[in-house]
Amino acid sequence: MKRVKVGIVGLGRLGMDHAKNIAFNIPNAELTAACSISEEEVAYVQKHWSIPYGYTNYDDMLQNKEIDAIAIVSSSPEHCSQIEKALDAGYHVFSEKPLGTTVEECKIAEKAVERNPDKVFMLGFMRRYDPSYEYAKRKITEGAIGKPILVKATSIDPEDTIDGAIRFAESSGGLFIDMTVHDIDLARWFLESDVKNIYSIGGCYLHKEFAAYGDGDNVASLMHFENGAMAMFHSGRNAPHGYHVETEIVGTHGTLRIGSVPQKNEVMIFDSHGARKECVSGFPERFKAAYRLEVEEFIHCILEERKPSISVYDGTKATEVAFAATESFRQNTLVTLKAEEVL
Amino acid sequence: MKRVKVGIVGLGRLGMDHAKNIAFNIPNAELTAACSISEEEVAYVQKHWSIPYGYTNYDDMLQNKEIDAIAIVSSSPEHCSQIEKALDAGYHVFSEKPLGTTVEECKIAEKAVERNPDKVFMLGFMRRYDPSYEYAKRKITEGAIGKPILVKATSIDPEDTIDGAIRFAESSGGLFIDMTVHDIDLARWFLESDVKNIYSIGGCYLHKEFAAYGDGDNVASLMHFENGAMAMFHSGRNAPHGYHVETEIVGTHGTLRIGSVPQKNEVMIFDSHGARKECVSGFPERFKAAYRLEVEEFIHCILEERKPSISVYDGTKATEVAFAATESFRQNTLVTLKAEEVL
Amino acid sequence: MKRVKVGIVGLGRLGMDHAKNIAFNIPNAELTAACSISEEEVAYVQKHWSIPYGYTNYDDMLQNKEIDAIAIVSSSPEHCSQIEKALDAGYHVFSEKPLGTTVEECKIAEKAVERNPDKVFMLGFMRRYDPSYEYAKRKITEGAIGKPILVKATSIDPEDTIDGAIRFAESSGGLFIDMTVHDIDLARWFLESDVKNIYSIGGCYLHKEFAAYGDGDNVASLMHFENGAMAMFHSGRNAPHGYHVETEIVGTHGTLRIGSVPQKNEVMIFDSHGARKECVSGFPERFKAAYRLEVEEFIHCILEERKPSISVYDGTKATEVAFAATESFRQNTLVTLKAEEVL
Amino acid sequence: MKRVKVGIVGLGRLGMDHAKNIAFNIPNAELTAACSISEEEVAYVQKHWSIPYGYTNYDDMLQNKEIDAIAIVSSSPEHCSQIEKALDAGYHVFSEKPLGTTVEECKIAEKAVERNPDKVFMLGFMRRYDPSYEYAKRKITEGAIGKPILVKATSIDPEDTIDGAIRFAESSGGLFIDMTVHDIDLARWFLESDVKNIYSIGGCYLHKEFAAYGDGDNVASLMHFENGAMAMFHSGRNAPHGYHVETEIVGTHGTLRIGSVPQKNEVMIFDSHGARKECVSGFPERFKAAYRLEVEEFIHCILEERKPSISVYDGTKATEVAFAATESFRQNTLVTLKAEEVL
């Protein structure tokens, strides 16, 4: 059995989850190297998981010729340059979302991908690999709901992580870029078209701290697509019940709804609060399987010499739309994307 | 439009509900007389609802020749003799459940019904007239689940009415006779057969007060029917979430489940307790429509000169089975009903 | 017991439902007169329900001094002039929605109401009287979800009534005016503010016939309110599962969702299609209770000499917003309502 | 990182799933040897998964001193003797359920476990390791529902695997031993007590083929426990909607219900069949995580030198109860287990 040797960069919370999956939970992968600016993190991983190579300098890792692929889970502003370096050094590349923090950065990544057509590049819009989302897409492809005409998407972080969200506000890019971008990608995927017109509104309804960064704690957006389809988005920071990601795809002949109740598990509790389901605590719990499955798909793409369904352009386009949605929110204006802009 | 003139006996909580329905909510009925041992109750009803006749003596009401039908909502031990008197005096009769508090009483009612074949007699197993139960029965009749083979029934009173239940314990006849009897009737209706073997267990798990009356706060029973079908019953007194009545009918080709979540209404609440539905507070809330619809059916039977689908024998049989279930629980023994006993 | 004597105008499907409720299901009301251009309808009602007075001319009914109140269930373009006539003739008035088919008509009704301050006027936005919506409003008032910041509303007619919808398209005013108007009223009620900015999109995705009238079979709208709150609307004509009305109110500290699954009743079916709930067939089934309760409230307002919570201005404002939403959809432009326009 | 080297015996469908998990999905385990009477199966596993040792003879595998632990996934009648041999040869042992096909066999396994107190023995009642069941147990331990007093358990195989079930009927031991045994174990676990009295009924309602083996296609059982608690069981072979495993634990102060709708994933479909969830296809889909987690726990027990919460006695007791339930069903009699029998 052939195994793909992976070097990972970034060992924060999500980086550790990816590293663990690569090391232990993906049959054809092995974690060969780990890189972080934190010596402790690298040492921890090497010691506890018996990882042969450790680096505190990304460029050093790219000298390691044993490695087949690089997984990038560093901070967002580093993504594009690390993608470019890794591809140009001959590695397959998986990068966490967002592709970049500006459209210009995204274009750098696009060019690197185009320069290295024999390499697999995959962007971590993990929701596409969640079993329920993947199932919905399959149903749609099979014609179960006719032609998709409207996506309604909700993404709300739990109130009990609000302190982190506020600390992260300055560098997050705002709700549209940090959160709605996932829903924009899903809408493009389900509707198979690009966004044309955008109107966004929102505000700081509970947590005024976001206002300083031109951000809101709840925002909403209505988008019209090139093919006439529609999408509505609501993103927020303060769900008291947990992490709420819900998506509905309305078709001409049926509707699919994913995650209507973001239940933690299959247990219903009947007590003095009524009949209730406890909810998932955050994205690591909700998308645990998706984070593993997306990397599994990346590994399979390498082994089978094929490209993943999600391309670098999907990253650029979702970013462009998220920026346009932010502009609409900040300027209180209808924003129209030029067709060439999104090509 | 012909209207049926009704005299009601019993103006307790449920009696008032029935009286109000007859007076105002059933197009072809009018409340012509009201009888209660409480002068105040009679006076209240007469004054506020403009009811022409009031009585504190049941026999006096039976002298009133304007009245077409009698609705009996008095205390359980009075049912059978009041049924007998009313039928023999020439009235159609609706009686609240239970038919009687002993099988011997039931037989008295049966004979009175048989003596008056031109009169409509109806027993208030209201659940059969709940829109959801009625819908389930219709589905079954249409063949939607094949042949029904197993009924699973749960009936639990809310914990917050436990004080009343304890006070009522001495005269209630116990959980099987007071509560399970509804589920026994439903099981006989859905399975279209009679009970043969019964095994019951239970105990006082939270409220020891019931033990003094040979009763439990939670009981369970497994019954085998003449036609081979099965039924499982759980009845209780202390649901913290509200009034829980749930029934499942398993068929050879499908299953129907009624009231899986005993929701108060269509509102789901997402808050720090999770995603939840508040539950109905008690039988008056849960079966509000059924209490009206059963009397409406009684009135229609009179006007259309037909008999309701629920007969006096259904009352006797459910009572017999409830007594046998109680015996099984008290003696810890398997009880077999003789076929002739249930005919 | 005092009874309010009502004369009804309009005996179409909804008119008959209202007439029946007034005649039989509202304790303090009686149906004293019925008016329709169809002699047969008037004759039917008089004969079967023993209604004393029948008219084929509305002005004739307004001569009847026995009547206390008029219920208007005629065709939409007649509402405002009939409201004006009835109020000026000294009657209390209940009118089905919409208030008028133009804002100008609405203003006529407003003035008539202002001229007759001692009369009760009520507009039939029945959803406010649906037990679940009423419960949600009460919860919000009690502070259960903090401050409401976003309403998400879906209203879709069933696909199997599409032929009627197409026939009705020319005179319906379009989806926003015919359907979304209910959701606009609910959003104003829940958010306690008026609409400022509107962006609408949509199309004829399945049924091209609507295009001829500048209408769509599915439309969506995003609105920003004066107080900063938001609302998203989706209205449609072709739900394959039935009549889908769902509303979510997101607050700073919790969310309420009404009608997530538009279930017909409490029966869940497990069969080869999975675990499923059948759905309500249309608005008469979904809002059966609401249609009765709104008229009951109208009658109580008359008897208790108070005004309903829903005013003539609510009718005008919802109409204005629906027209503005239609304009936004047709012009593909952001529409801003002037504050004075909505006062 | 220390890794436990495992040899597996049995490479049928479930054996392959276990083998794959051990080989790839359990961080501290490696699949070192595979044994099957089928040479092809052994060759397949060795070739595709690079497993060093392959055997067609179980005794040969037990000579391999590199191996730390044996996983037994062979046919049920072989379990106990293979357990005995492996333990006595110095290996830790994981065995699929059932422990044995007779109580006598179970006793052999018990003695072997007692002779080898330093070895980890674990029985594969995987449901205990399902995240939802594990969560429910934790909630109960934390006191969330007070004292558990009643377990209601349903286990139904999908109708579309009925042909296999009929073929397997002769050797399955019957529904109680093959299926209900899981629920019996869960009930003992949740109620923390042993069964005293049992009454079982059932029949061949759709598939008469089971009758030849003294078996039914649907059976039900009511059990009273030593500590007074109760349990109701329904097991079947022909759910049209899929694999239905549902468990409810009623406590004195609340109720937990697991798997009320055996949904395949988080997708709800709205189409002409209503609002529906598709259901899981079988135990491999429903308990995929549990099959992995139980073996992970086995491996952790070995590494941490502790015993799993599930003991060999749990296997014997569930088997005894399942046999007694079968006897009750076949003889139509109440069966009482002697306290010493279950110790």
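Letters A, B, C and D name the chains as they come in the text, with residue numbers starting at 1 for each one.
Quick note on the criterion: a contact is a pair of C-beta atoms (placed from the backbone, for glycine too) under 8 Å apart; a residue touches a chain by one contact, two chains touch by 3 or more.
Just so you know, these numbers come straight off a predicted model, no measurement behind them.
**Q** Taking each chain's centre as the mean of its CA atoms, which one is farthest from the centre of chain A?
**A** Greatest centre separation from chain A goes to chain B.
**Q** B-C versus C-D: which has more C-beta pairs touching?
**A** B-C
**Q** So, what's the distance in Å between the C-alpha centres of chain C and chain A?
**A** Computed value for the inter-centroid distance: 42 Å.
**Q** Using the average of all C-alpha atoms in each chain as its centre, how far is it in Å between chain C and chain D?
**A** 56
**Q** Hey, how far is the Cα centre of chain B from the one of chain C, in Å?
**A** 38
**Q** For chain C, what residues touch not just one other chain but two or more?
**A** Those would be 239-241, 253-255, 260, 268-272.
**Q** Which residues of chain A touch chain B in the complex?
**A** 239-242, 244, 261-263, 268-279
**Q** Tell me, which parts of chain D touch chain B in their complex?
**A** Interface residues on the chain D side: 146-147, 149-150, 152, 197, 199, 201-203, 205-206, 218, 220-222, 224, 228, 230, 232, 234, 236, 238-241, 250, 252-255, 260, 332-334.
**Q** If you look only at chain D, which of its residues touch chain A in the complex?
**A** 1, 20, 23-27, 48-50, 131-132, 135-136, 139, 144-145, 253-260, 264-272
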